[in-house]
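We just call them A, B, C, D and E in the order they show up, numbering each chain from 1.
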């Protein structure tokens, strides 16, 4: 059942939601839009197509305590961190980010299930938002994602001064049942117009042939990696803005009298210390680390997950890489050429 | 994981009075790595040390923390204790719970709490300590004595007698210093020159002593055992080797405008002069500022008259570079400038003189050939007033003067008063004094003789003002004992001016990196236990450069300094500082920044083969010369990658201390 | 341990071994009082003070950090304190630029003979930091009690 | 449910010094008994809070009651710390992780050949003792073990008294790299020794040791006629989570912590050479 | 100009003395310019135009280690190059520097942030940029979308070029310390809030550090477990501050103000302000100094004078309240 709410009334809805649960939405702070906890005085930016960081942080935060220790003499006290027990809503997730949750599920909900992630997924309601104005860096279409009709517990469309919402799940139903009913027609029109733009996107027909488990060694041994990686600074920008990157590190912080906190935090396979051990590393050069990231997204992950790529075409890496090196370069460079 | 023993000292009641030592020992038992913790009355005593040794053995300790007095006091002691029990000396940390805790706090709870924190910090640091081994460096067996007064001469003689070479650098044309200017010495009243000149001659003739007069230290590098000094020998325009000291030139010189420094500028001398008859070297010197030849290019009378052909107008300053193992500072003193005390009319009347000027007036070789006359009119004075403590014992915030007691003034004034009264019984002598300080052998007897036997009029009180009234000097003072104002119409006033370090001391201190106090006296390494050593290794102190003292004290200290120098030079090699910088080759960038801040030039770079988990190949790496590095740590902070670290004070050690203190 | 007491600042004093540490000892020998919340860390020279140590102290809960070294010109290593002077000036200015209260950091030159100055400096610094209150801007919440 | 990420407590109840840089640690649950049950070849994550966490193979056989053992070589922060601690120290432990050697499947009733170098004996130790305890389930068993020197041979007393005991029905072949006083056994590198011993290529092989040794052992075995499908090894890589999520030990489409550490060589051939 | 450069490079590479050229190539979007090493055969991929804003000097550390290469450096890049030569990170003799003319580089991010979406093409016509988008054609003035670093241009001179191709222009506008001064004039509370807001965006991707030519350490203290300050993510506000304070301090006196940190930051944090504050302090307190002006300079924090101000000068100076 389609529901609707006028933009004018949106703050009221947000206030209502935030009274009972945490509401996360795209918020502008110091000139950048990122997902953050909505409060009545935040600057909501539902119009912003891409937040700098993806929405994955709502389920897989950049830093998360997992266990706390206290040591005395030879004894240790262990206090596991508590998993989330309260409901929250993440509002305004775009189609690409919504797909990324499915990809993250494949990792964190695979046996053995990650309790922290699972709790967040259980308690989180995802409200997605169709992309009225996709950009030149968008290439989600290549991965079968429909930016005109994203998935999620609730799907929303912005049409002039009205937000149309459709519940896809019981959780979604529970969230928007309070709203008045809306018409289907404007949404259908919007979907159509979005579809038109999507067709015109410059990167919407990438050739992904050959990126699969069968060509694993061929892709791995491709000589082009070195040149592709030459300009890579080895920073983690692409990884940290990526909705599907989920590598993490586990670290201890000794807070003195307050014991030792063990937390996990995002990590990047592009970092030189990612696989470093006391006696060496199995990926000593940036080329190897660079290759790992893209091989994982385009070959290893699909090989393990029925051909599902670990890329959702959000295009954040295209916009944010300081040296303009990104997955599209890799796909085009290593992929099958049209004229081959 | 270290096994640490904690030893809490009571220091009698010094610590135990404000710190609950038992509680400290108990609290430390809970610290990670602490396997033994105890307290004892005097840890530094033989019993205390035995207790430490026993614990090291019983508990297999890998390091110890001693909570006691300042490490400046007993760190060395406990390091030796550790060594004797088989531990590395650098596995000892001291928690200073006396000077920095019990002595400054009154509250027991507060003191105890702080002591625990300090001890924890020491434990935390110790966890990151590593055994260190000191390297060695050779010793250059030659000493440099800066200053050729009695202090310098005595030190040089003693060192030379022990068989080591000594160079004396003296900034004036002759050695002898202030003592050479004195007439008689207290309390024996023997002739100063008579006892000094034989020493000067002995120094000059000693085969191990090399006197470099009219010279100053230009620069210094290196470190204990290995100093390199550059000495500027000023041009005296006389060839020292040729000059026989006959004095003909000094007589022929037509310039008579120069003031005679030796006689406290009370008379004039020629532009070419020999400072005094017994000068050593007995060689003339040309004062280029006064010399007609230098000013006009003419004259040259001296040159024409010198049968030895020693006059050399072309002579230039000469730089001498030499290596030394030890340096002795014997720069002595000068009287404080009396012109700033115009309440005593020093600027208004030539008959107001300083004690040292008076000394020259009384001296047979002085400007008046020993006749006591007023400088203004050369008339015999009848009333002389001595004023004590001129510039000494001033309050800290006074605009002029020194806060300290100059120590020698009471006695030399008594000497002057006595000599005047003995030679000229017709002269009335009054002495205004604050206290008469006479704590030396035969000093008080001497002072009492002046008062009782020679009838010197001692007036306890200050002089408020001296004003010139015609030919007389009106002295207005107070007599505290009688509670009245005193007015004396004097013919002469003698000011017992304070003494202060020679003005060259400050720059010398900087050059030697030897610390000085606020009055520019050199600081001793320990005020009680190491009074003749500077905190800078290899630099020793002799005479008034360290603080006011009289001649016997100076000579005693000069001997002591010599003994220390001999002790140093007798060694073939020295153990270096173990706490030196070290560059971790795995992360050194070879960027050369550390080299730029190293004050000792201890850092060089080399291309080195590196094998780390992340890198194999040749890289430019910093290397530290451990014999040269003194362990300041300037390089460590300049190093952005943290490759350069200081052993004994590593980044991790200090951060651990910080963590422990802040937690 | 300090539960029932009024809040007092935690002060870390880095003292160079040759002058200021000795000055602190002298203050002790002279029984000159200064607050117990000043804790001294001995470093060989003021130039050994890495800005990292200053930040570390603040992270771990210090409310003020003071560096004491030999007077300029008196450095045991001749030039160490000149470097320290520039380094700390730049660091303090940067911290100030980031909005950290100026009074929380200080450099004082204290000679081995200035026990009284050491005590007075500490008293004054503790007073300044007490007035500023707890260090909230540059601390690590995980280390807060 | 959180057991896979949240560690449990263990107590070190015994520490043995095996070689100058290897010690064996016995770990029990705080109340006594094993922390968990495991299979031969599996690993566990040991950690000292504040120092770090690291993955180690379990050296003791699952048939041992009451405890697990770990032979650990000193090489990084965690191992350094472990080497310095005393008996009675608590540590944290989680596991078991990874795929074990197929002792109850492919290996059953086979003639076995164990080849190990240095600390590489540690993961095989568990299998060997498991085989010994279920001797009748397996055919012929030979163990080739080599190290740099006599002192570097792990578990020498046990090898000599138990494994080499004729009653065990196993043959032990020891070798050291260089001649040494007091050593009258074989001298030479493991790969050559394997060739010299000329094993029948019908055996199933379990090999573990330094990469360079494995490389040449593989060549030697191929020369003797072995197929890659007969040879198992176990890998060591940087691991963090132990549950195939953190991404660190990812090689190709495998996660060593989950899909390994035991691999058959033909499986490894399908993976990029990044190990 | 691109043609002139390519022709000259062809000549130079033909000599066989050089392993390649460090330059830029075009990428997917109209703004993508990717650094790379180009040999004779792939010179046709080399591109030099108004979007080549990145500073290539740092690539010479890795690429000119054991071979000779040619580098294309803009006037501002030369300072970084000289500074790295001073620090022995680059061997001067291994690099043939072609100074390429620069009239200011364009910031794609600024065009996007200006509300122009779906950009599919950009062409330059004098001072005007014609932008094709999915949603129609737009125009924007070139000078409005120059990189921030171009607004504080250090001048058109190449300080290290072996030869120069093309004309340069000084694109500096106004007082480069304007923002620093604005912050200085705020109350400490306001400044604190400003930085807290900005730095809270930091995701610790290390792009600022990895792009920074002064951050050329073989192993950064933040990556080195032995340093005691290693951290990978800001688990606390303090760690956000710590990373940027230490980074600014470590490059103090060595930072040439090239602006790569701010350009690289995906969250648009004005990190260069920290460095610029230090540069301003150094200039005011210790005399004018430009890092990378020439090879072999001694930077102000490895130097001193007897008369330097005491650190308490911080409490007295500046317009701060």
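Worth a mention:
Basically, contacts are C-beta pairs under 8 Å (C-beta built on N, C-alpha and C of every residue); 3 or more make two chains touch, one makes a residue touch a chain.
Model, not experiment: these values are computed from the prediction.
Looking at chain C and chain E, the chains that touch each of them are A, B. In this assembly, the chain whose C-alpha centre lies farthest from chain A is B. Closest chain to the protein centre (all Cα atoms averaged), using per-chain Cα means: C. Of the two chain pairs considered here, B-C and A-B, the higher C-beta contact count falls to B-C. The greatest centre-to-centre distance from chain D, using averaged C-alpha positions, is reached by B. Chain A and chain B, compared by their mean Cα positions, are separated by 72 Å. Centroids of chain A and chain D (each the mean of its C-alpha atoms) stand 39 Å apart. If you average the Cα atoms of chain B and of chain D, the two centres end up 69 Å apart.
Inter-chain spacing, taken between the CA centroids of chain A and chain C, is 46 Å. Across the assembly, chain C contributes residues 51-52, 56, 59-60, 73, 79, 83, 87, 140, 142-143 that each touch 2 or more other chains.
Annotation for chain B: residues touching 2 or more other chains are 597, 614, 638, 651, 655, 659, 662-663.
In chain A, the positions touching at least two other chains are 71, 249, 253-254, 256-257, 261, 267, 272, 276-279, 281.
Across the whole structure, chains are in contact as follows: A-B, A-C, A-D, A-E, B-C, B-D, B-E, C-E. Across the complex, chain D is touched by residues 66-67, 69, 71, 74-76, 78, 80, 83, 107-108, 110, 112-116, 213, 216-217, 220, 246-250, 252, 254, 259-260, 262, 264, 267, 269, 274-279, 281-283, 288, 292, 295-296, 299-301, 303-304 of chain A.
Those residues of chain A that touch chain E in the shared complex are 29-32, 34, 49, 52-53, 62-63, 133-137, 197, 200-203, 227, 230-231, 233-237, 239-241, 249, 251, 253, 261, 263, 265-268, 271-273, 318-320, 322-326, 328-329, 332. Listing the residues of chain D that touch chain B in their complex gives 81, 84-85. Taken in their complex, chain E has these residues touching chain A: 27-29, 31-37, 54, 59, 109, 112, 117-120, 133-135, 197-198, 200-201, 203-207, 209-211, 223, 231-235, 260, 263-264, 266-269. Every residue of chain A that touches chain B in the complex is listed here, in rising order: 71-73, 254, 256-257, 272, 276-281, 284.
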